[in-house]
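Structure incoming, see below.
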Amino acid sequence: MRFLMLFAVLLPLVSGAVLPLFRFRRRQRERYVFAAVCAASLAVLALLLHGPAGTLRLFPLTSTLIVALRLDGAGAVFAGLVAFLWPLASLYAFEYIKHESGDDRFFAFYTMSYGVTLGIAMSDNLLTLYLFYELLTLVTLPLVMHSRDVRSVRAGMKYLCYSIAGAACAFLGLMVLYTLGDPTLRFVYGGFLPADGPRRTLVLVGYLLCFFGFGVKAAVFPFHGWLPAAGVAPTPVTALLHAVAVVKAGVFAVLRVTFYCFGPAVLAGTWAQHTAMGFAVFTIVFGSAMALREPHLKRRLAYSTVSNLSYILFGITLMTPAGLAGALAHMLFHGVMKITLFFCAGAIMYKTQRQYVPELTGLGRYMPVTFAAFAVGGAALAGTPLLPGFLSKWGLAAAAMDAGGTLPLLGVAALLVSAFLTAGYLYAPLVEAFFPPKGAGEHGLAQAHDPGLLMKVPFFVLMAAMLALGVGSRGLLALLARIAAGRW
Amino acid sequence: MALVQNFPFITIVFSLTCGVLCAVLPGRGAKRLCLGWLALTTAMSGAVLRFTLTTDGSFLYRMGKWGAPFGNELRVGVLEALMATAFSGVMLLSLLGGMRHIFADCEPGKVNLYFTMCALLMSSLFALIYTNDLFTAYVFVEINTIASCALVMLRSSDRTLVATTRYLIMSLLGSGLFLLGIVTLYGITGELLLESIAEKVQALFAAGQYSLPLTVIIGFFSVGLAVKSALFPFHSWLPDAHGSATPSSSAILSGLVLKGYIIVLIKIFYRVFGLEIIVSEQVSRFLLLFGVLAMLVGSVNALRERDLKRLLAYSSVAQVGYIYVGIGLHSELGMVAACVQILAHALTKPMLFICAGGFMDVSGGHKDLAAITGAGLRDPLGGAAFSVGALSMMGIPFFAGFVTKLELARGALEAGPVTLGITFAALAVSTLLNALYYIPIVFNLYTRPRDGAWAGVRQRYHWEYAAALAAFIALNLGFGMGSDWVVGAIRRGLALFGM
Amino acid sequence: MPGLVQHLFTNYYETAAVVLFGIGFTTLLMHRNLLKKIIGFNFMDSAIYLYLASKGYIAGRLAPIVSGENADPARYINPIPTGLVLTGIVVSVSVTAFLLALTCRLYDRFHTLDIDEITRLARKEQV
Amino acid sequence: MGFLLLLPILFPLAAALALCLRPLRAQRRRRAFTVAALALELGLTALCAALAGGTLPLLPLAEGLCVTFGIDGLGRIFSLLVAFMWLLSGVFTQEYMADREHLGRYHVFLFLTEGALMCLCLAANYLTLYLGFELMTLCSLPLALHTQTGPARRGGYKYLFYSVFGACLGLLGFYTVHTYGRGTAFAPGGVLDPAKVAGHEGFVAAAAFLAVVGFGAKAGLFPLHAWLPAAHPEAPAGASALLSGVITKGGVLCVIRVVYYQFGAAFLRGTWVQYAWLALALVTVLLGSMLAYQEKLFKKRLAYSTVSQAAYILFGLALLQPTAFAGAILHVVVHSAIKDGLFFTAGAVIEKTGQTDVRALRGVGRAMPFTMGCYTVLSLGLIGIPPLGGFASKWLLAEGSLASGIPVFGWLGPAVLLVSALLTAGYLFPITVSAFLPGADLDGTSAPPLEPGPWITLPLAVLTALTVLTGLFPGPLADAAAAIAAALC
């Protein structure tokens, strides 16, 4: 079973890397990519069903620092999410990318990032995580810069700049752990730093370095700028990477650092926790507010991601098992919801070349499936009961209320304000699309229609998934609670 | 005395001889002799390294059998042997990798002189590594200077002429200060052997005498060697010299020559003054400060540079800054980090320069960033090696640069809060800057040029180029993954220094 | 003050060396003319050799080439400083030669000895 | 008989789905289907009200989160009210909107909204209530937006954002109850756990207040009332009637559930929350009346009137006193009937004459005697003239207020109610007067008869009758309300 982890990580990496060598035609390439992605996803599925398998040590870098894989509860959540969404996004990408050039390069890196993301999920220790984290930046950069025009290159440089700076800071935090904690950096639930160890200030500064360093990918407030800019990438990339894989990798890394390295025992109640939580709370409101005033649909969704990622960070920085459970739930649910919304935005762009919210006027009638998916996703994200967003927000808020204290309560307030703003920025496009002003010109709409089957299938699957998660995730939530308590 | 113990002396002296022989041989013959000899010295240094590791000690080698206090001595420990092995290996690979350019760039009939200079340079590097007295150090510093200037100049163009002149003048200033330091130290102590000076200096220091002259002397050594190793703010000559020379020269100069001087400085700091004095004289503060500035200034300049080789040269300025930061941490861990960086950079930068040469081959001889667009596709091996180098420079795990970052951060964590803060900030910013100029280049390398320029051009691989790059890649990865062994060796070496 | 003056006059070798070194160093640094730079460099080196030679000689001791019954190292002058001076002279001669050769070639090419001017011209040509 | 609870909720959804899948384009068939379905829904609701009991835990979403339905006295009253009003509105719509656009969409959302309201009425815990509230907002939004004109869209947006904002405040109440209570199932007297609350009284009280304000937004409670006059008048009259007459009562039901069944009347009695709430309610009463008084657009005037009248109910609830509670419940029913009727008349008048300004309605009484007659009766009821519906409820409210013994508000309330009643007369009655007695200068003899058809007049007649009946026999309803109140206060 342990080697299955290696298989899941290496298969997409290798098959992506060698893809350009084959000089495929389009159909062949699609089959090849889909086969590789599905095989990796099946491997992940098998791993999830099998439960925790031991550690697979790959390469020792030094006697203590070892690149190793291990799948534990938190990793399984992330891996499961990614494994579920990647095949869907691939289907979507096959159709979407048809009219862009450079398919080989695109799919090569697209497949490789899958392996890297799984690597992050299955990291056994912080070093391995850091390694894959850096790699993720590098393999996703070409995807951001895919179209090679000035805007995308600039966005790519911004992305690179933010990510590398973040990783550099995180590395320094890693070194603090390495020196003051366990030099193997192996993840242990509850952390491996002694609770009353020496050099507390350094420890806390190290935590903040890690938090903000990894937080860059999680788009926490002062470091969020790259995410809306990166929206120039092709939509499958924005949807999968900038709503799920990359940003969740950042969140996941913060989770690992908080719960599995420094440990709540060391951090809870310190100024470091308060700082981190303060920034998360602020970002929640900030991201939503920015989304509300952003007319460009994809950038609006990106700001929404900024806000929602901080929901998760907020749950993590509560540093209670309940908070972690809420965070994990939101990590899962947000992934499903946001990818749906991005797919919708992409389908609209693909079919009508419209990118701004006011341009959506009246489209609802012509692209019913797309907008139905948007409606479901939007309602879910706004926190309507019976859809998944409500559950995770409820979990987060309940955890915060249990934790008590000014900042957590402020966080609850931020969640509510953000829910309100979310409704504002997601329902508005829907109203535009379904209830256009009377007599609004409908020219150019006639040829607008729902995208082809390959893009529609993900819509249906995702809608079904959202409904299912909304009403049937009791067992899942219980499992997440167990994971969050360190019992998996 | 075991046979192995003669090897250091043999490598030095026979390198000189080899240089002389090369001067009278025709080009191809000189090449064969030089390469063969370098392979042999690598093997011999390796043997010495093995010997020191197994005996776990250092030994002295007296040249001319004169005893202290008069003689010239070599001192061989783990660290010296390690450096010698690495240096001669890198020298060999750098020459191999840039061989085609050497023959293309040198004036016909003068190719053998290139190998002469290489042999002389190698000899001086060995001597700088092994020397145990200031006299030998001075002599070989000068040989080193002249040989490296000649290496720059042998690619005959106006640009190299000017660059060589500036390089030479700066070097002369540096060696002048170095010599002044030696002389002043001799004036106070009357000794030239490192151990003997150390004894006297310790006594003087303990008695509180001559504290001002001692400070001035440390200043002479530091500034003199800093000029020669292009520490900020004395780096202005470097981009010209390294940017305009033939790829092998750039590789050797960036990878080895700069480091040779730094090794001398480390020796003087450790074996003459001892950490205590260095710390109390606040010299390390300055080194740290200027190291940090070098890291930033070098990188920022590199970021603005559009010429690949000059960019790499500026990157060297930044990388030298890392070494000085390590020294400036004034702790054992810091010194380990400095030594690691010497090796890591010696393995990485020459590879990048050789790649730059390869890219020039497939881009019509141009070396500005716009011209090499897509060069990675036309020269896949070069592209791969350059990518490895770039990742190493960014400090990604698995690559050599990561070990430096790791050790430097470890060293910084032992220091006080201010030093820690400065070093951490510098590390973070520098990592970022490195990524910002290396990653776009790598990206550019794999972008097909829009205008279809150089379509159909492919690198015609010669075994020398291919072998050199393959070996560099392997060494870089090996260093990154086997750093435990290297760091352990360095630590033992430093312990033998009398830490 | 009188003490200092007296010191300066007693150690006249050293005083002269320091003055010479100062002249050489400033010439090397400040002058833009290559030839003057080379001369400055020679001044500087000479100053060092003077200083070293004066330091290396201990009155009343034997030159290390004298051998025989007085083989006690304590009775010899250390030969290394002298060797250092000799080596230094060799080095400086060769470096001077190298520099002069370079200067010739630069003058041939650019018809000027001003290093800044030369740099400027070379850069212009490149562009 | 738990599953019976699902019938009134799921049946409208099924009807909506059927309409979605098979749009009935022919007017006759759609008319028959709609009326039959709404009547059947009323029957199902009655069946459910009569037979069902207990609770039905339906969907366990997570630990401590389960969508649960149940029925009690309050639920019976509200669900029957909803089903009844819906039927009338459905009937009214058949003629009123016979030739409008997007009728299929309108009907689908009409059914969906009914289902959402049923979910709200039959909710047995906070989660289900919140679910119903959200669904109600989302499903009724298309009704408000229906005409897609500029003002309608603006009003719709306002409606959406005010409601969502209110829901967010309600959600805070949910979180609070969940944290400080013994679960969130509705129980008379509240579920707060004193042991958990101890030390956090201030926060819990604040959360309760915010929840009241939030849910109160749906009932037009100041300061979140501004959406109501913007959204209600722009919808088709059938929808305005439901929005004003019934959906505002959804907000009232939420307030009742949260205050009386979650936080508990005892917890809030005498606290600043109660006083602030009372103050807000009274301010809204006056504000609504005055704004209605100076408003010239007919439907907008009615919308302001709703603001004022719904605040009567909230005032009664805020007193936390059994008599006032009974009065509030009574007023819920009465106001529903009257406001529905008034909007029907307004719709009919506007539809037939094309005039939206009240000043242009001179002499309408001659053209539409029956409609305006009903209007007169209904407005008398709203003013509170005995023996019509409004009188009994207002009487109970005033009585409860005086009996509550709350300083200042105890006597200020009735005074404000009185002033508001005068204002109500002031803004409703002149229309009647000018409709029937236009003055000598208007030549009314040639006015063609504009009386609408039976699909409009019938619901109007029913509502007028209901107004009279509740005025004449308020007893059973008041007793039922008093019985509920006894357990709560």
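We call the chains A, B, C and D, going by the order they appear; numbering starts again at 1 in every chain.
In this text, contacts are C-beta pairs under 8 Å (C-beta built on N, C-alpha and C of every residue); 3 or more make two chains touch, one makes a residue touch a chain.
Just so it is clear, the structure is predicted and the values come from calculations on it, not from any experiment.
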Going by CA means, which chain is nearest the middle of everything shown?
A
As a quick test, compute the distance in whole Å between the mean CA positions of chain A and chain B.
44
Chain B and chain D have mean C-alpha positions lying a whole-number Å distance apart equal to 84
Between chain B and chain C, the Cα-mean centres are separated in Å by 27
Geometric centre distance via CA averages, chain D-chain C, whole Å:
104
Those chain pairs meeting the touch criterion are A-B, A-D, B-C
Show me the residue ranges of chain C that touch chain B in the complex, using the header's touch definition.
14, 21, 24-25, 28-29, 34, 37, 41, 44-45, 48, 51-52, 55-56, 64, 73, 76, 78-81, 83-84, 87-88, 91, 94-95, 98-99, 102-103, 105-106, 109-110, 115, 118-119, 122, 125-126
Quick check on the complex: what are the chain A residues that touch chain D?
379, 382-386, 391, 394-395, 397-398, 401-402, 404, 409, 412-413, 416-417, 419-420, 423-424, 427-428, 431, 434-438, 470-471, 473-474, 477-478, 481
Could you list, by residue number, the parts of chain B that touch chain A in their complex?
391, 394-398, 402, 405-406, 409-410, 412-413, 420, 424, 427-429, 431-432, 435-436, 439-440, 443, 447, 480-481, 483-484, 487
Sites on chain D touched by chain A in the complex:
59-63, 65, 67, 127, 130-131, 134-135, 138, 141-142, 145, 147-150, 153, 156-157, 160-161, 164-165, 168-169, 171-172, 175-176, 178-179, 200, 203
Residues of chain A defined as touching chain B within the complex
59-63, 65, 67, 127, 130-131, 134-135, 138, 141-142, 145, 148, 157, 160-161, 164-165, 167-169, 171-172, 175-176, 178-180, 202, 209
